[in-house]
Each structure stands twice: as C-alpha cells, then as structure tokens.
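The data blocks that follow each hold one structure.
Each of the two complexes below includes chain A, the first together with chain B, the second together with chain C.
On to the complex of A and B.
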C-alpha cells in the first residue's frame, strides 16, 4: 500500500540561507524560522517538482544524490515526520 | 499626567508621564544633557501611575503603563521610581519597536567599526561597554543594539548605563561622582546605580556605525577565546532579540546578512582587564 503523499509550499514562501553547512529557512506562511541540516533542504527541493510519497521522493533524491538503500529510506521517513511537525511539508 | 518629560535617545523619542515628581526629577538629572525630541513627537509613551488611586500617597506603588504593557509586571515602590521609568522605556522598546531589529546587546564603536556584545544577564556586557566607553571607544548602548534593516548599520541608543552590584564599584573607581544617579538598593535586581554616558557618546548619538565583530563574553572563567559558527550566532541572536519574530522576513534577511558577514567570538574572562586586553587585540586584528 502506498504511503501518504506529501506537498511543500511554493518556493516563494520559503527563503533559505546556507550557513556553516546548515540551512536557515524562513517560512512566510507561519512567520517561523527553522534551522535544518541536510537532507531536509534537499527533500523540500525535490517536493517542488510535485507531490510525492516517500518511495517517489527516494527515487527523486537518488537521481540527484548518493541517497539510496534502506538506511536512506529510514532517514527520509524520519526527516519527513520532522518536516511535517514543523509545518514545512503537509499531506496532500 | 501631572508631571511630564520628553527625551530623545538616539533615533527614538520618549514621552514619560508620572503621577509623582520625584522619579521624573531623577530621570531629568540623568538625561540633563540629552536633547528634547526635535519635532516634539514621541515614538513611545511611558506612564508611571499608582497601582491603585490611593497608592499615590499611601505606601506609594508605581505601576508601569504605556502604549504596550505586560499585564503581570509587578509594581515597584516609589523609592525605585527611577528604575520604573527606565524599565518602562525598555519595555516600550522591547514590545513596540518595529523600525529596527532589536538585539539585547551592548555596543561600542571605534574608528567607525562597532563591536556587539551579547550574553546572558551577568555576563558582564554592561560593565565592559561602560569601561570601553571610558577608554577611547564610543559607547553606543549597554542594553539594546538597534540594527537598521535597510543598510545593516547599527544605531546608537546611549541610555544611562544600568550598573548592578559589583559593577557599581568598578565604575565608581573610574568615573567622577557627578556622572552617577542615586544608589538604588533592594531592587528586584539587587543594587542598581545608573551611569550617565560621557559627552562624546551623547553628542554622537545620531551617528550610525558599521558592525564589525560579535562577542559573547562570559565573566568568571579562565581566559579563553573560541570562534562561534554563523548558524550558532544566528540562533543566539534570535534568542537575544525582542522583536525578531514580529519583524518577519525583514528581520530574517537583516539577521542572516549580519551573521554571514561578521566574525563572532566567545570570550571567557576572569577579570575586566583581561577582557579589555582581548578587545584591544581584536580591534587591532580587524584594522590590520
């Protein structure tokens, strides 16, 4: 059974600045600032090409980065949960 | 209000009203050499009122009111009326300032370059700023750094310096008695005495400076210096800002620009001479 499908806000809603290998995000709809580490910014970037479930996101990520296998799938699930609770992604 | 006083401090104009004369007399003495607001208009209003009408005479108790209020702010005794006026001005700035990104930090300037010192209460930033202000630096402020979000410069806000406990003795040994306010004992923060910034700081209180270095001083440890990464600086400064969240995207842009362009150091110091020596070393390195 396919898992939940996630969507992210438009690029214009999220301002990002890289500092020291971390990424600062200003989320305009909530007015909140988040400090995230890789692969969270990459996950958000991949969601900009359209809604996706975890399997599809893993496929998009592995096409751009050395990000595949079971460990990557586990990390992706954990990051998606964090991004969802932070309000940076939501279920379609 | 029965008694009124208007003050211009850096780019901010205050109007302070009081049900009692004494706190405003003390405030007027501290700010005797400051100009009145040029256009007569105030950015912020502070009111010192009796907690209840009869408390103007009977065991007088000062409640701080203004455009912005904290509902649970405890009233102070009239003996601490000057402190109430100072706290009222802080409160209006902290809650209402929208033109500048406000950092809870002390700032000093030399050769057009400003040093931002921030840290928890007791870290010694007020004492260091006060000492540097007497040793060739221009005191820009000991409480709030005002960051202009349009051009990234710092604006001075040279209020009277609020010295606490041990710092009072340190400065009394260096500065003539005429530049001190009354000794306030038994306040919620212990003993407090205000120090009037020197003429140099007051005359140049409209003159902005370019930020050059961020310091996180910590008093009471063996001397040590370590670099602080920009992401950590960003996080600490959001915590040190009273209006970062309210400013939204403008605050984010201004703060990320500041931390990505400025070096930042955490310094531990066992005594003020060590800290002053370190600051002078940093200044020479920046100038080189």
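On to the complex of A and C.
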C-alpha cells in the first residue's frame, strides 16, 4: 500500500489549545484557526516524528491506541485528506 | 474554563501514556472545522488575485523542491516564474497538482511548496490564505 506521504508543519507554527473534547489550532503560516476533534490532534502528533503515509501512521498510532472497527485504514485516509484540505498537513 | 492546570501546551499533549481506544470515525464524518479570518475575500476576487513565485524580496532566486529559496542556478532547483500565478491556477495546482499553463511540470511541486510556505507579510500570502478558505 503506497498512498501519499504526508508531512505536518513544525509544531512551533501551530498554537494549540485543548478544550473539553475539542482542540483549537491556530496555524500561523495561513493565519487560520481550526476546530478539530479526535483523531485529528492525535494524527498531527504522530506526524511530528516524520513524514508518513496512512499505513505508517496506522502503525505509529497502534503503538498508543487500540482501534474500533475494521475500517481503520480507510477512515484514517479520509482524516488525512481532511487535514490536507484544511492546510494542516501537506504531501511530502 | 479559566483553569490552566489541564490546559495542553501542544498537540504532543494528545499522545497518551496508556493505551486507549481511538475512534477514527466513519469515512464520511468530518473532524475539522475551519474559522474564516477577517481577510476572507469573495470567491471571485480570490480566483483573480496573484502570487509571484518567488516574491519581489527574492527576485532571481531559484526554488528548491521543498519550496525554500536557493541561489540562482542551483542544480535541481526551479527557476523563478516569468509571471505571477493567478489564484485559480494556484488553487488547482495545490488541490489537484494541475500545472499552470507555461509552467514546467517537473518544477510545479517546487512552486506549490513555495506557496505553501508563504507567511504573513510576504507577497502573495493574502491570496494564498484566501484560497484556503473552505466554501
């Protein structure tokens, strides 16, 4: 499985405030604020350790989390596309 | 809401110390909502705004594949574009990878990465930020 490889901006470019169950992200390069829900903050955190495609991200997430359901790979790919269209991740 | 004890200082705060269940959601469910900043423009003007690649501050510099500015003539880097890109061209380039007319397709990724790295105050930034507005 060779999907697109994603990369996140450096953490210094993102100001993050966690609210109850939600997370506010101010993305300095674009000047935009995003309201994200799980699993977006978790995905961004996992991308900090380097570029990754969906399969690699799933491996990294698996080290910390268990998943519900069997469609984890497809759902993760959809989440990555959302983050890309929001400008929070980009293709490496 | 005013307490600071449980305030996370970064997304690293979301890496748990014990194994928990992460719900990735249905493929169709959205987990990101973007707030429009005050500089949002109308759709028409966004598509007609222009982004010079590179901006006038870096006139003559080449652009590496990762979008950074490098000295003119650097091997593997893309030369400056002869004309600014229009908003619509940039939107298509960033979303679908479509190469604007007259642009070398092998250099398109370098130009796209340059545009993604634009910061507030740099020529073309307002145009780029506006293009990112969800409609």
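Quick note on the criterion: the second predicted complex is superposed on the first by the 88 of 92 C-alpha atoms of A that agree within 3 Å, B and C clash if a C-alpha of one lies under 4 Å from a C-alpha of the other, contacts with A are read in each partner's own complex, and residues count from 1 in each chain.
Just so it is clear, a residue touches a chain if its C-beta (ideal position, glycine included) is under 8 Å from a C-beta of that chain, and two chains touch if they have at least 3 such contacts.
Note that the structure is a prediction, hence the values are computed from the model and not measured.
In the overlay built on the shared chain, the residue A:31 is in contact with chain B and with chain C. When chain B and chain C are set side by side, the one touching more residues of chain A is C.
By the document's definition of touching, of the two partners only chain C reaches A:75; chain B does not. Once the two complexes are overlaid on the shared chain, A:17 sits against chain B and chain C alike.
Within the superposed three-chain model, A:40 lies in touch with chain C and out of touch with chain B [touch as defined at top]. The interface of chain A with chain B overlaps its interface with chain C at residues 17, 28, 31, 33, 35. Taken in their complex, chain A has these residues touching chain B: 15, 17, 19-22, 24, 26, 28, 31, 33, 35. Only residues 6-16, 19-28, 30-37, 39, 95, 113, 116-120, 128-129, 132, 134 of chain C touch chain A when the two sit together in their complex.
Interface residues of chain B, counted against chain A in their complex, comprise 229-232, 234-235, 238, 244-245, 248-249, 252-253, 256, 259-260.
By the touch rule above, chain A contacts chain C in their complex via residues 11, 14, 16-18, 23, 25, 28-42, 44-46, 48, 61, 64-69, 71-72, 74-79, 82-83, 85-88, 90.
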